[in-house]
């Protein structure tokens, strides 16, 4: 098989896995899902190796050239996202198997495989409409996942998420329609070459950015995130915060850096930057004021997403590297935090902050996972978060927009406030009358593995950074 | 340089023996025999004084420790220090047989001895400061030995003044040392003479060591410390510890290298004032030991006078230095005799042959201090007068000295009046060792007078009639005056007002105490009191209130943001602002 | 104006109505309807673009996109409706239990 | 002239109708209006020479969705409309709509008016695509990958809808006592199957295809559900699963095959392109029919006496 | 040989730390042996490295990290000064901690974080560039926080809060400074005489960067406005306050300031920027403020804490005076203060552990009951006051002379005043301990020979002897003073 062929497997394998899992019915779901996961991960790894050695790979699906057919492009950024999804996703699903009942398993696994297929397709695709379809697939699968437990909060969360995500997608689709109308091309590369400032391009850019900001979600439009994350079962929340919300951010990043660059000038970037900064402050403030563990971590997601939007005012290669590195380390760190919260909920049954008391002795691995995850969220050195914060900080000073640096530093302080507010409790003795149900080791090791990824990202950053550099030669 | 040549052995022994004994006393196991050997700790110093050692230079100790230089000053000081310490040690052996804190006394006794001997031997600034500090702090242990409240107060005053003195000395040493870290003492006078801060250094050295010597405004601790300290301790304190101050002057002042007229003049007058002030206040004292203390203050006044003159007239400096050495030796041994005598008399009692011997000895020592002809006192005063005349000081100086001599006689008489009637007829058991050590000191005093390590050429002068007369009339006048005073006192018509020891101290204490109380105001509170409202805590309080209101605002903000219509509005605004910014011409 | 612009404008209008409707009604079914309307609005714009050239066959690509769009919006609507129905069922049974009516079987309850 | 009048009137009615759907208070009324709007939009597609779309819109967009909504209405109770809130919002809503239409309209109107788009490229490669009808060519060959993902979307939707509906809810339908519907269904079924078959076949070279046929079949299925003892297809029976999943499996197989012979994903050989597309389309029709049919949860549980209100 | 040794020194406390985390609470013997062997191996490695550096060999481990900044661990003479101090004191404190925490819960967690903390101190010492320094600087905060709140009581948590608030805002300042410098100068490797030769002009940015760096480091070095956390953190158990707040944490700040002044900016450039003098003034104010506040503290450990605040400022003052002699004074005080202060904290720990005595007023006559502990305390106290022969005198001597050499006579006044203040708050303690009779007789000794557990007493005496030896044998080559002279000779020639 030719190297470009390897680009197909990361998408096809999970799809095939999902379909077979549905087909096999009650008994063999776990086996099929396991095999599919391993296969997909190896496919992603091989593709990463191909891209790392050969550089950017492109494949025209169905053999048709860009204007007519859809084209796949795998550059450093895409492949790094593939790896992140391939590593963080399965770890969360391993945790989900023990966390959810066995009935839910039969529905969780196929849906997760669909999400995996959609995310891989989204990351690789370079076609505007195809991105719409992948976004929709991700959204619908997430809605189904959120409501998998059929309990009232889950259903509410699912419906709210659907009714907020749909307008986002429709706005995006309208943008695609306008672009097609003017340039009669759907491939991002072609669009990037043909784009010229004009009412159609501006409105299309505006509408698409708005749609994706609603789905990511950015600050003023973030209101659906906390209730949805709290209502959904914890492993699904982990998937949502770590990977699914990154999908729409990834599309926005591609659009801004490859398509709309000529028509978007300094002010618009600052506008998104200001909203990002507001998100950081607002998210951190609210995280501080919450009493429920899951809501604190949810609002911290709002804040972390704010950091990612600091990329747009700077829009340099360095800023892109920093933002993407933040995406990757945030995925690992946030997933470990949510999974750890799930463990606590399962073991102690308390959702308030008090649930953490005595954690350090009862469940040392979960505590360590939350600690390492928290440290990465704050951006303290031995963590991936620090590397991202460092690169963004340097970039902000280099481009002379030092105020984004201030936002980063202040955000770090606020983050440390709410992270240590959680961790502090774990040193207190166990509250009286609380019995700790023992949870399977697999459950405890999953968050630790995720947290260790965040740590390794902090200690050995040169490999991902080199990978990110592939394909930016343009 | 091999660790040590044979010639250096005595120097090492002089310091080493007391150190070893000190360690032995500290370790409970060896405490027994160590305390028995302790009195002989100072013998190696006497041996070193008589024989001669070789300079020692240990580069790796402290900042390059240098010990022993074969000059007059060191030899003289070693002699009288060694003699006084060993005999006081012997005396203490008997004196303290039954007192409870013997171990701690011997510990502090030996460590002060090490400090004293070390200070004399030290040949570089850092080592000198080391031994000087060691002596000062361990002498504190001797002063508060009795553990009474007066002892505590005396100790506190002594320590505070000593610390202030040492701070000034430290500043002086910094100025002297300059860039060369370990400067041998030999070059110090020359360096000081040539340095930019010559006058500042001289003043600092004069005042710094002045605290130890007891020059008038700085003497406040002396009359407090002597009465409370055990007798051998006060003997050593007055005899040799005070003399280290003088040693400091001789080592660090640019005597003979530069002439500081102004400073010298002031210091000389201060010396004279001390002489008279000591006598005046001494006469008002009731306790024998405080009288002796004030007598020391006045005697030291003479030395201060000599040093002041030496500063003023560099050409006369060598003669004055010799005079100072002679006077110091005389005063150390004579004052030792008086102090130990004050301790021996109650033990042996006034009656019997023992009483007579002690009384005669005390009278002889008193005469020596008063400067009676043919005594070491006369010899010391003679060398002083001849040196001062060489320094062509003010003509009226010799007369002043004679008047001061009268004062000395008066204060000696005062001492005898205090000590003799007080003692009981028959003494107390265990007087043997005390009497032996006192007699040995008497013998040593006369031997040193006859075979002086320095200033021997003045001896023949003593016999010259003119000098005998000039030495005799002040003593006679003093004796007659005291006889008259004694007689008049019998009719109780006239009582001498009693000044508390440490005279000016009560005034200084009024000043210092409130400041100290303010600075340590919260120490005594039982629990750490309300967390003191530092500006930091107020800030934190305000910060916490701000934080909670901010969080509530955020919650409300989030609640109304969550309303659907507001989200719709946000969408519309987002698009509107985006389009406005995009369509606006850049810049 | 030529016909396609009229339809495109009406598509845009439908989209606006749908979008604003989506954010001004609380009832889930109403909001699902609004999202459907917005969806068909966008699709109308797309199809109108295909017909800009008066003669000859219209541009097939937007047609294919619209076809996919319709299928996607139908699946979204179906999922939304299913969720809304389920929530309504739970509320109905909860209300029934709270008013004392014995409704043993209906209590689906959360698994 | 009349065509322009028709277009103008249609273009005006659609947004108005939409606004009406959302403004009416009662749900059932809005659903009915929604169905009407769907039909009108089908007419609009026809006017814009998009027969495929109008067919799908009519069958799926309006028919099935309308039925689904009607069905759901019977379950959800009328939530008391808070008229006050609605009143307060209305002026703002109108302003917002106007602003939004203005902004988007400004962009739409500045699009070039006679842009052929990709018509020429599609016609140029039509020969190699193995089908004559350009829309089917785009749908299943040029942008076949979109359709593959779209099938995944359908599967996810049905999985989500079924998962949310617990088995205990599904009821065993008892035959409706009304003879008319029974007879109607028995007459209609053969015609239905014929039309569906024709549509799949005609897709090769005319408007039609898997989606339209699937929708028709699903319509039949729903009628069967409402009228006869035929219960809703349950995922637990293997027959339903196989019917549902053969389409996607075949499509994936067809997509992956070229990979092993050095060609890109979904790159059929020119020769067999036509046949492959037809086979895949056939299987997809069955799957789509199953999916659309399974969206229906079946009758309301007869036994549960709903408190008070009889189903309207 | 010379590439893996620095890493070995670092890992010799990092790995055991991680292993100890996994040990169960009951495996006391295994944990203690692991601890001690780790401390022993570290001492060996440090000695080997010191010998190598003494011979002039060059040690450096370079790992790829960020595009413009590698992870560099380099052992030069100056870093070795801090490493030797930490290695020795860690060995001693481990013994002390094992004894002190006998029977208390969560010891595996304690010793785990304890080893991590020392590992980060080693990292700080050996950091070859600013980013590595910052990395370990932050790890130090992370590993010390759990130790401060080890007891889990509400006060401990409140102390932890204050500690975090200070250190994290300090770290933010430091990060800003480091980032600013990196954008100005490309990469900032610690090089003798300053690493900013490439940067011409930018004096405003450089001053801002300097202010940020020093602001960040001043928090850990507890300079006046930012010292609030130190007295509050005294609520931690004795070994924590001994090693961390007297040696590791506080010295990291001072060490950092020295690195910034000498190896990042270079003394000449800092002097030209004119920022050296304000720093000296702040340090001088800290010296006096620390001593004044110490006078008012009734609690023994809080008094020692404020004394630490003032003593560390000596280092900063020594380093920020433009001259070799004062630099020597500042650097040697890094070691001397460590030795003396750890002795004092050990004594405080012994008193608290054996007689449950916390306030100075309760110390009446304790000299009789615990003579060896109080003897050690006396040596430490005299050293703090600066009385020869204890080590403190050497520092004061060099600082005094250095101040005069650099024409800053006001500093001599500060030194003397602080000497008197030190005497003011240490001598009363000695007086009450030795010369006052206890109100009611002390509890009798538990074991005949030891006044307090041997594991507690021997380290105390050992550090006391060390601080005495550092003073007495200051002239020797291998003494701290000798090593500091070597440093100034090789690295800090202004």
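So that you can tell them apart, the chains are marked A, B, C, D and E in the order they are listed, and the count of residues begins at 1 in each.
Following the convention adopted for this analysis, a residue touches a chain if its C-beta (ideal position, glycine included) is under 8 Å from a C-beta of that chain, and two chains touch if they have at least 3 such contacts.
Owing to the predicted nature of the structure, the values given are computational and were not obtained by experimental measurement.
Least step count on the touch graph, subunit A to subunit E: 1. The minimal number of chain-to-chain contact steps leading from subunit A to subunit C is 1.
Ranking every chain by how far its Cα centroid lies from the centroid of subunit A, the top place goes to B.
For subunit E, the chain whose average C-alpha position is most distant is D. Chain E has the C-alpha centroid lying closest to the overall centroid of all protein C-alpha atoms shown.
Of all chain pairs, the one linked by the largest number of contacting C-beta pairs is C-D.
We define each chain's centre as the mean of its Cα atoms; on that basis subunit B and subunit E are separated by 37 Å.
For the pair subunit B and subunit D, the distance between mean C-alpha positions equals 109 Å.
Mean C-alpha positions place subunit A and subunit D at a centre distance of 31 Å. Distance from the subunit C centre to the subunit D centre is 11 Å, each centre being the mean of its Cα atoms. For subunit B, the set of residues touching two or more other chains reads 565, 567-568, 571, 575, 579.
Residue positions of subunit C touching 2 or more other chains: 15, 18-20, 22-26, 32, 45, 49, 59, 61-62, 65, 68, 72, 75-76, 79, 83-84, 86, 108, 111.
Contacts between chains, counted with the stated touch criterion, involve the pairs A-B, A-C, A-D, A-E, B-C, B-D, B-E, C-D. Put simply, subunit C touches subunit A in their complex at residues 15, 18-19, 22-23, 28, 31-32, 35, 38-39, 42, 45-46, 49, 59, 61-62, 65, 68-69, 72, 75-76, 79-80, 83-84, 86-87, 90, 108, 110-111.
Remark: subunit B residues 58-65, 126, 129-130, 133-134, 137, 144, 147, 152, 155, 159, 163-164, 167, 170-171, 173-175, 177-179, 181-182, 516, 519-526, 528, 534, 536 touch subunit E in the complex. Interface residues of subunit E, counted against subunit B in their complex, comprise 228, 292, 295-299, 302, 325, 359-361, 382, 387-389, 393-394, 396-398, 400-401, 403-405, 412, 416, 419-420, 423-425, 427, 431, 435, 437, 471-477, 479. By the touch rule above, subunit C contacts subunit B in their complex via residues 19-20, 22-26. Of all the residues in subunit C, the ones that touch subunit D in their complex are 1-21, 24-27, 29-30, 32-34, 36-37, 40-41, 43-45, 47-54, 56-68, 70-79, 81-86, 88-89, 92, 95-96, 99, 101, 103, 105-106, 108, 111.
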